[in-house]
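A, B, C and D are the chain letters, set down in written order, and residue numbers restart from 1 in every chain.
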Amino acid sequence: MKKNIAVIIFSRANYARIKSVLKELKKNRKINLQIILGGSAVLDRFGNLEDAFKKDKLQIKQRCFFMIEGGSPSTMAKSTGLGIISLSTIFSNLKPHIVLTVADRFETIATAITGAYMNIIVAHTQGGEVTGSIDESIRHAITKLAHIHFPSSKQSYNRLIKMGEPRKNVFLVGCPSIDLINKKKLSIDNSFIKNFKYIGKKIDFNQKYILIQYHPVTTEYDLEQKKTEILLEAIHSLNIQAVWMWPNIDAGSDIVGKVIRRFREKSISNKFCFVKNLPPEEFLKLVNNTECFVGNSSAAIREGSYLAVPAVSVGSRQKPREHGNNVIFASHNKNEIIKKINIQIKKKGKIKPSKIFGSGDAGKKIAQILSNINIRPQKKISY
Amino acid sequence: MKKNIAVIIFSRANYARIKSVLKELKKNRKINLQIILGGSAVLDRFGNLEDAFKKDKLQIKQRCFFMIEGGSPSTMAKSTGLGIISLSTIFSNLKPHIVLTVADRFETIATAITGAYMNIIVAHTQGGEVTGSIDESIRHAITKLAHIHFPSSKQSYNRLIKMGEPRKNVFLVGCPSIDLINKKKLSIDNSFIKNFKYIGKKIDFNQKYILIQYHPVTTEYDLEQKKTEILLEAIHSLNIQAVWMWPNIDAGSDIVGKVIRRFREKSISNKFCFVKNLPPEEFLKLVNNTECFVGNSSAAIREGSYLAVPAVSVGSRQKPREHGNNVIFASHNKNEIIKKINIQIKKKGKIKPSKIFGSGDAGKKIAQILSNINIRPQKKISY
Amino acid sequence: MKKNIAVIIFSRANYARIKSVLKELKKNRKINLQIILGGSAVLDRFGNLEDAFKKDKLQIKQRCFFMIEGGSPSTMAKSTGLGIISLSTIFSNLKPHIVLTVADRFETIATAITGAYMNIIVAHTQGGEVTGSIDESIRHAITKLAHIHFPSSKQSYNRLIKMGEPRKNVFLVGCPSIDLINKKKLSIDNSFIKNFKYIGKKIDFNQKYILIQYHPVTTEYDLEQKKTEILLEAIHSLNIQAVWMWPNIDAGSDIVGKVIRRFREKSISNKFCFVKNLPPEEFLKLVNNTECFVGNSSAAIREGSYLAVPAVSVGSRQKPREHGNNVIFASHNKNEIIKKINIQIKKKGKIKPSKIFGSGDAGKKIAQILSNINIRPQKKISY
Amino acid sequence: MKKNIAVIIFSRANYARIKSVLKELKKNRKINLQIILGGSAVLDRFGNLEDAFKKDKLQIKQRCFFMIEGGSPSTMAKSTGLGIISLSTIFSNLKPHIVLTVADRFETIATAITGAYMNIIVAHTQGGEVTGSIDESIRHAITKLAHIHFPSSKQSYNRLIKMGEPRKNVFLVGCPSIDLINKKKLSIDNSFIKNFKYIGKKIDFNQKYILIQYHPVTTEYDLEQKKTEILLEAIHSLNIQAVWMWPNIDAGSDIVGKVIRRFREKSISNKFCFVKNLPPEEFLKLVNNTECFVGNSSAAIREGSYLAVPAVSVGSRQKPREHGNNVIFASHNKNEIIKKINIQIKKKGKIKPSKIFGSGDAGKKIAQILSNINIRPQKKISY
């Protein structure tokens, strides 16, 4: 009998972090892959992934709607609750042996709790990392619920061991997002513009541009409006065109979206190109060719370090995260952001690539381990 | 302005473990105590706590129904989800600064997740302990979501530090259940029988009796029916009257209840007195005076060690738990259970009391700390 | 392509009312039958139907847990909400063209709402009847959501037309419960006792007995405890043995169960045999051979009229319901109940059978109509 | 003791239909008004009503988030379920004697079900009307759950009686939206533009304009994208500036929003002014002064008839609705829409006002009736 492995993809960001694993699981003849698409991944507002899956020939087994409107801390909790309720019905139906879940969002902890209570083995990627925001607590809680861990860096691996996870179930494999980097296909030119929908300026890809992605910090909910404005103004004052990636669905995302919209409508600025979503491989080209990657996206740290892209990480969200020397940090101050971006722009092409987040074979390794592992649901801390 | 402190009590067992804290919080003039009663604590089937609270003059601020019928792993997950949904509405309304939650049940993690996402400070008792069953994973996950920790033993304290909790937010206070032990009021006689409702034999409290409490082990769900039968048969073959406490609401509890009911109806045995619930102080008398406390209740280990009551812990649920020398372990085998009980019965009166779970002032300490502490919602692992 | 027809069975009572339809749908080659078992039908406490389905060779496609513990008006509402959430996930998965739902319980309106919003054709049995309790409002609300109606009596048919349902979608077919009556298999003797589990007296089926079934009236929630006691005492004072069927899951059922349990434990009465559940065909034998069917079960009215069984309908629940001349009504008063039972006992064998609830071919007709009908989801009132 | 009357406002449209009632209830000394704001009324995307309430000095007692993202039939059902769950917690807390709910949306039926099960008296406005879309079924189902009815026209009153509602609980009061019309304050000029936020063209209010509001028809979900495009193109081809009100939150609203956005981005058309929301009194000015009100909003029929504004009702949504002679209907065909608008534009100023939806005192009457009525929760159909 084949092993049922359910993989939960609940956001665009999830997808880039797990796509290479899906491809390997699909190839494996001992495995029956069950893809569950839900959360913001099935919402048009946040870039429905249906088309991406069709293009990648990955069949979706079940869709799952549970995002509650409101973008507030209380709806984030409520969505977690509704996610658990929905997943428990779905798992009863699909009967997975293993569920694989990504990172540190409320969808992820909903999966981990449902799996743990239903005696399903929970496998988790990106455990052991340290960041700001509520993700920090959620990530470590998921670790304590998960049975199999696929950390993406040595520091994360060590942290998981320290937290009491049994060494035999922790596998240092690197980050699957690195697997998507195909060094032969990273160039960009003006034909690139056909690949996506945008609002605002049509970017000239023969010219220099900076790339921005900014996600709300949920424990600092009230400040998000102000912070987004500061970032917009800082970029606006630079003498360079800018591609701004739309934020993830999250508490605060409505506010960020609103600020961006207001800014667009009032502003005489024509330097911003706002992009809602891109296939991960296309996004990598944008990252690879930018003069500087600004904001608080973890891609700046992860893919950015492998690609040696200068980055300015703004604010507290990524603050404690392990990073390569492509990243410098700026507090949320307009002048400091401007100064740091100017420092980083000069480094373009001069940074050494880093392999701290893996060397491109994480997907293969994860599929292999899940295919062979035999493990019982009862966990026990190692000390 | 007073500090709003919400305390979540979702089962009978919770109540004994937190009652002394409630009394101290109520007395404190800087604190506005908000008691939320829910889960099995508001269900008649499992011993509604309303009367107990009335008697103890503790005002209930809000009731909360979210237990889904079924007693299966999938409904346990679903109840967690519904608990989160209900609590998010309640917290929006009560606006607590701190929520205090007890131990390691699905109600507890529902509270911790809701609090964490809503930027409310989460305080947690009984963290850092090690047990079997799904509680083991859930407890440690709660630790990673909680901001303030009140472990009840030195070993637990050390484990929390090892898991990466910042030392300044971990307080070794002992277990509040020990606070309830009033050494002057621990004797028992036949007037005791008026204190509770029971089914089966009327116990003669001038004679020796053994006490049993058995909770299902949720990760071994399918075996529970068999296991309960084995335990019933083992006790039945002993030459001593028996008080059997009804199990907690939990996945598997329906099955345990069913086996007990079937046993009662078929059996010619007239040695069992089945008791659904008792106020914690009354239960302590039962514990104090039994020849041996059998089963897998944590009270055998916790209050039992302080009272020096011989105990046999059966099966895997309490296996890895820190314990005094009043406890020995038996695997789930009829003959072994009988043998171990006979060993322990002889030790009655000869065991030295232990203070590993505190010395009776946990409630005072916890109330004091909560009253004075000032802490921000953003957590960060210590390494 | 086959037509997907989902049938929702959420209680033991539902099953008897729909079983003959299931058998006919299963036989029909144009139909893909999707049985969804949920609510109290999957709970051991209320008589899990799994075994009954296995025995009847009806395959269960999906199970659905959503009953919230508590037995109060507020949990009844909450269970409806959770039922809708669970069914919306299940319907997304099974993609039924038609859902068939029975009677007037909260499971039924959960099905009707989910179906209506999801553009699935809703078929409904037992519409147009008039009763007491909250069922009265719920039943008519379901009618206004349903597309196809299968009333079981002429009066009900007329009422549906009056309410504005288009005549072409209302089909007078009789009640499927009548289909189960096999006149050759209605005798009873002492071998019958092997067919069920019971608590209390072992009934001598060579002697006369009365049959009781009492369901709580949810809009008179506070009085249920008192009412059940009155009924127990009335029956207790009669000189005849008694079979008491356990009540349905519902707001108030916990209370009824509790009263029965207390009565059993205190009482020296040994005339009661409490039965939790019976296959519908076995239950029919009990009904057919009793001297009098007492309580407020609709079976006394429905199957009772066809079988010409004397019945006393107690209290307001069935008050306004259409009935044959086998039924008389009693208010909830001990002496009146006793008097009316004594009147009815004398009529045993002297009542003329009635076909107001059909003549035994409802299942065939319903399956035929569902197989052939072609209808659009947009409804419109007829005036 | 004051009577607790909870009023549920879950959308912008609700507010205009109930505002005059709120003001009267607030004034009444026998009533404790409990305003519950939820659904789309608390979402920025759909025009958060918080500010409007603050301005109108109406205190919000409780907020309630339960809209599930996705805009599909399945999420509409799921939101209903979550609404019931949230409201049951809120009603347990606020203990209303009466809940007043408006019209025919999923929020409305969630309120009616929760109230009915919790033995709270349900009062309902706008019952008895006939329309297209799923609202048609939902409205009549709510009628069967509600205890007190406030129809807004004589035809609706008659229909409620025909449906079996007891005559003594049905009150013909007119529509509270008419109460908001202050004939002295209906003029418009270019200072009006300061009252709202818009995207697109700055309207010149000294010139003629047409007004459009289009809501998706949920039972024709798949066609909505096409239909919105047709309507946009029809208006685009006319020689007049246009104010387009953003659609309600509903299944399909995401699609409509998307089409509008796409149209804006591609189009060289500069005649459209897209407006998200307006206070009801301001909206009335827009309605009063337009040459023609196009789309499928019920305001065109209701306020429109009182104001004698020429209107073209497009498609099936309002088709069967009672209307004055200000309205003509057009099928969803570009040329027909254009033709009908041209016909109506010529009638501006020549239509006779109608009072079929009341004469401006509905709020007073409703508050008076609710203040005095004494009614029991048990309903019974009148035939």
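Rule of thumb we're sticking to: a contact is a pair of C-beta atoms (placed from the backbone, for glycine too) under 8 Å apart; a residue touches a chain by one contact, two chains touch by 3 or more.
Predicted model, so just to flag it, every value in this text is computed and none were measured.
Each of A-D and A-C has its own count of C-beta contacts, and the greater count is at A-D. Set against the C-alpha centre of chain C, every other chain centre is closer than that of A. Between the Cα centres of chain A and chain D there is a gap of 40 Å. Averaged Cα coordinates give chain A a centre that lies 52 Å from the centre of chain C. Residue positions of chain D with contacts to 2 or more other chains are 74-75, 78, 82, 85, 92.
Contacts from chain B toward chain D in the complex involve residues 62-64, 82, 85-86, 89-90, 92-93. If you check the complex, the residues on chain B that touch chain C are 40, 42-45, 65-72, 74-75, 78, 82, 199, 249, 254-255, 258, 265. Residues of chain B that touch chain A in their complex: 73-78, 80-85, 87-88, 91-92, 106, 109-110, 112-114, 116-119, 130, 132-134, 136-138, 140-145, 159, 162-164, 218-221, 251, 316, 320, 377-381, 383.
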